[in-house]
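Right after this note come the structures.
In what comes next, subunit A is part of two complexes: it sits with subunit B in the first one and with subunit C in the second one.
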Partner chain A sequence: MIPVILGVSLIVFSLMHLTPGDPVQLMLGDYAPAADVTRMRDALGLNDPLYIQYFRFITGAVHGDFGNSLFYREPVMTLINQRIGYTFRLSLLSMLISYIIAFPVGIISAIKQNSWLDNFGMVGALLGVSMPSFWLALMLILLFSLHLGWLPATGVGTWRHMVLPAITLGTSGAALTTRLVRSSMLEVIRKDFIRTARAKGLSEKVVIYKHALRNALIPVITVIGLRLGSILGGAVITETIFARPGIGRLMVDSIFKRDYLVVQGITFIIAVSILIANTVVDLTYSLVDPRIRYE
Partner chain B sequence: MKRKSLLIVLALVLVFSINAVSFAAVHKGGTITVGIASDAQSLDPRYVTTASGMYISSQIFNGLIKLDKNVQFVPDLATWETPTSTEYIFYLKKDVKFHDGSEVTAADVKYTYESMLDPKYASPKAGNYTQIVGADDFINGKAKEVSGIKIIDDYTISFTLKEPFAPFLVNMNLGIVPKHIAEKTGKEFTDDPIGTGPFKFVSRLVEQQTVLVANDDYFEGRPNIDKVVFRPLPESSVGVIELETGSIDVLMSVTQDDIVNIENNKNLVLDSASGTNYQYIGFNVTHEPVNNKYLRQAIAYALDKDSIADYFNGVRTYVPLPGGHYLAKEMANSPDINKYEYNLEKAKELLAKAGYSNGVTVTIKTSSGREELAQIMKEMLAQVNINAEIQLLEWGTFYNDVKQGRAEIYLLGWLGIIDPDGYWFFHSEMTPPNGGSNRMYYSNPTVDILIEKGRRTLNPELRDQYTEDTYKLITDDCPMIFLYSEADLAAHRKGIVGFEPAPYPVTILANLKSVYLEN
Partner chain C sequence: MEKKSENQWVVVWRRLRKNKRAMIGLYIVVIVFLLAILAPVVSPYSPTKISLKNKLDAPSSAHWLGTDKLGRDVLARIIYGSRISILVGIIAVGISGTIGIFLGAIAGYFGKWIDVFIMRLVDILLAFPSILLAIALVAVLGASLFNVILAIALVSWVGYARMVRGEFLRLKELEFVEGARAMGLSDFKIIFKHILPNAMAPVIVMATLGLAGAIISESSLSFLGLGVQPPTPSWGGMLSEGRTVIRQAWWIPTFPGIAILLTVLAFNLLGDGLRDALDPKMKE
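Entry: the complex of A and B
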């Protein structure tokens, strides 16, 4: 895990510093003469050799200190702490919405393959995948905020502020997971042990939920795990349109402003989250399928 | 005689009734929510570099002077005089209080400017004040204070400059901070800013909202409204929807695309002011093939600039000034300024003179937002056998290429131009890497001298003459093609009374103190 994190941090650090564009120039604007730029770069430590800057970053990161944002002049950790809760809550709710839709639709589509229910589910899934999230977000705002006036369009504060962004973010996830659950189920329900279960006289409910679904879950859990790790940075468009504070938006803004330390800090945290999520997923496999054991 | 008296009485009744109506309509109290494009990166006026930050900060702080809606300098915390061409004396108004109740004195003014120049605080604005005597020594640690900023008494302070500098007042609207608080809180001053402004800081939730309340003791009288809330809305189309639904009352980030929606909604009012910006096509004059003046002029003639200005709802400008600026208007009628009116024959002649009668390929670099202009240019230039290749780049990369001299032709604009000083844009000292903003790498010794004379002249007529002479040479050299100025836009809901459209950086918020809700 540690070599992976070190590798990720090195790649991110190098990429940010190789990208054309100077944070101080972007911050000071056009009028700034070279002397001011140099003075500012000195003050921010950007004139130090790259290996010193990297060393400073990595030793700080170990202690949870990612330095101060060049643009906001606040500790990166403070900026992240101010936003991470919003991103986390939104992402969890959107995942919940997507699985509440995906599992029933995916299972029904599989057991009623080629029926009108299956076709309906798959057309819905295709639509969900195809709709760009910014378009869906604007349509939801137009309908529920402007025309019906039921829900607020932007901001945070109450559960009502979460509904539209969570649906926007959850829709594509629901579509993808529906297709995955369906195909995984289709593969499992054709296996011999399912035929055996049915031959034993087990009810269809038990066959599907106890035997088929459990076995079909392995690939689905893998994808859920991957999403869990990446949700922190994956809600940029939704956060921007719904004017929600969030890690994704902070990261993209910081990339445009070449705010190196913020980008490095967030990437570091996302990388660690993905690693932790993957470890959790690996451990979950044995719960779902007792044949999988870890030594 | 009787009839005359009756008329006078009637007139008086009319005048009083109008006043009575208007007084009766002024409603005290209420909250106004303002939608801004992004959250402020700082509320400390010494560090604010974004428009959003300035909108909020300008409600909490006052500068020594300010700009009125006609972009003219007027007293704010102080009146001023210039006894000599290098000395500015500011007389502070008495009994002006900071939000903590302490009085504003010259010591606060001196501290504000010195702390900003202090390298320890690394203010991005420090470079604006290096014209003050002793500023360089202070920045370099050779002096403990800036010798050119002198406290004469508690309410009088003088600024002495190294040499006469006509645009000096442009940066004297910086918000004044209380020394006794800012000294203690240092960089954390932005978390709980205390100024003298019409509104007091209450709270800030990053990326969500900043709340201010009316300052009951404001030296120009308490604002009519009780509270103002600033909310960042990064997606402008959603901003208009929020205005329509009533979630916000004012939207500061109105784009050209939003105009139709706002004008078609009877509950909304569009605030449009003649903009202080201009859009231009820049040439790197050291870069082949546009290092050839005749080719640059050919390109200028081949572009139908009137149509371009119409297409983008802009006001055509012929010089590096916003179209609405009085000098821009004067120079639009001057026979000495080459306006490069659309003329394909002339373009072809100049192309031949440049040695490109068989055509030439040029590269236009631009960033998101101006790709349509690049496409229009490409089509227009094709008519005279100039093949324009467009490179659309991410902003940071594009900006870096322009600065590093790697952009042969680039599309950009200048915002907030209120002074005709051409130093920043056309003087050879401002060429990168030493300077920052002469991105054309343009150098003309005569232009340099004229610019220097202009900024050292405090006589307005003489300064205007120098400016016109400078722009005459610049338009002939054609390092830039001046296109148009866009209106500075904002919008508010009906029922809010008192907003006065004003260009950036003044904006409708300059008058927020006098605004009131109808109901």
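Entry: the complex of A and C
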């Protein structure tokens, strides 16, 4: 994992150096006095050789120091800490929603393969996969906030503020996971041990939920780490639409304010979170599939 | 050899034709391509012609999908917007596919440190949510059509690389490759003339599904104001404008989204159908 984190840090560090022209001039604007530009270049250490700048970035990142935001005049890490809770809660709820939908629909689709229930579930899943989340968000706002007046369109405060963003963020995950659960279940229920379980006279419920599901879960759990990536990526757009003060919206705001240090900090934190989540998923894998422990 | 590969594609086409969902997808894809190519002919109005006396007109017989806040025809802008989506999709998939196929092929064929290096690079890029990295790249490079294509291509090649590498690892052990080596063919010829054509089936499926992904990525970037800049019509940009007038004009945020949904759905249906047609064992 260390080499990958180093690679991630190198990409994040390079981001600011990819800017066409002087990043400081871009951050301060075309009409910034030359003295301010020089002062800021010195403050950011941009006059030093690249390898020294990178070393400073990586040692700072290890200590959670990504420098100070130009716009908010606060440490980047403080800004992230203030907002990460909102993103975390939204991500968690959207994941919950996607699994609450995906498991029953995927299992039923597999058990009742080629029935109308299966077709209905699969068409729904395909629509969910194909739907741009920001459009879904707008349609949900149009229907539930503006037309019916049931739920608030923007802001934070109560659980009602979380509903539309969580559905927006959870829908594509629900669709993808439904397809995965279905195909995984279909593969498992054709295996010999399921036939044996049925031949032993076990009830269909026990066969499906105790024998098949546990085995079908393995590939689903593998992608939880990957789902986190999609959710955190999706949060950037969802939080912007629903005006939620999470790190996704902070990132978009910072892009338009050319606050590159904040963009760097958030990108790094999200990438490292995904790496850690994938490692945790790998480690907990053996809990679901004890065979892995002995391999 | 030529005849055999032709036959294979005839078989694939026959299987594809039997798949209703895939054919629906194919028809929609063809329609979208035709609309993009024939936009000046089929569009009822100019997509950029401002008519303030018609601003925010609801759908009517004159403007089937209504007008936007500058009085521009929404249908005309959707038709012209398809050009951006298709253009970005094809070029981004072309670039990412080429990079991914090349790196995947040499990683799988040569193995050793080349494989370790390329796969480590893949691992690093996979740590970033692709849309987040694309947003960050466009943010620093500047918002433009070229940079959008570049950003989407640079974050999407990893999937192709992983897949092609896997195929090469499998195929390079087969007898026909050993035969080619025994004949003294160069590595270059073995990779690109002998192994690669046999590894292309899953790549075609991935590219079809990749087009859907690229269209969503482009519209996401345009929605955030990081894509194609106004007044050029793009579906994501139209949704972004529609968001600001959502209270007064439901049609502006609604119809461009349906265009994205249908196009992405079509590529997904076609991609799923191609996968089943190319490898019937994978069905279900």
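The criterion applied here is as follows: the second predicted complex is superposed on the first by the 256 of 295 C-alpha atoms of A that agree within 3 Å, B and C clash if a C-alpha of one lies under 4 Å from a C-alpha of the other, contacts with A are read in each partner's own complex, and residues count from 1 in each chain.
Rule of thumb we're sticking to: a residue touches a chain if its C-beta (ideal position, glycine included) is under 8 Å from a C-beta of that chain, and two chains touch if they have at least 3 such contacts.
The structure presented is a predicted model; accordingly, all values stated were derived computationally and were not measured.
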Touched partner set for A:82, first subunit B, second subunit C, both or neither: first
Partner chain in contact with A:243 - subunit B first, subunit C second, else both or neither: first
Partner chain(s) touched by A:44 [first = subunit B, second = subunit C, both, neither]: first
Contacts of A:22 with subunit B and subunit C, given as first, second, both or neither: first
Touching partner for A:104 - first (subunit B), second (subunit C), both, neither: neither
Which superposed partner A:274 touches (first subunit B, second subunit C, both, neither): second
First, second, both or neither for A:252, with subunit B first and subunit C second: second
Which superposed partner A:142 touches (first subunit B, second subunit C, both, neither): both
First, second, both or neither for A:132, with subunit B first and subunit C second: second
Contact residues common to both interfaces of subunit A (with subunit B and with subunit C): 19-20, 138, 141-142, 146, 240-241, 256
Residues of subunit B touching subunit A in the complex: 38, 41-42, 47, 49, 119, 122, 124, 126-128, 139, 187, 190, 205-209, 231-235, 237-238, 241-242, 244-245, 247, 394-397, 399-401, 403, 424, 430, 432-437, 439
Residue ranges of subunit C touching subunit A (in the complex, touch as defined): 120-121, 123-133, 135-137, 139-142, 212, 216, 219-220, 223-226, 236, 239, 242-243, 246-247, 250, 253-254, 256-257, 260-261, 264-265, 268-269, 272, 284
Touching residues (chain side subunit A, partner subunit B) in the complex: 19-22, 25-37, 39-40, 43-44, 71-73, 79, 82-83, 138, 141-142, 145-146, 149, 152-156, 240-246, 249-250, 253, 256-258
For the subunit A and subunit C complex, residues of the former touching the latter: 3-4, 7-8, 11, 15-16, 18-20, 23, 113, 126-127, 129-132, 134-135, 138-139, 141-142, 146, 183, 186, 229-230, 232-234, 236-237, 240-241, 251-252, 255-256, 260, 263, 267, 270-272, 274-275
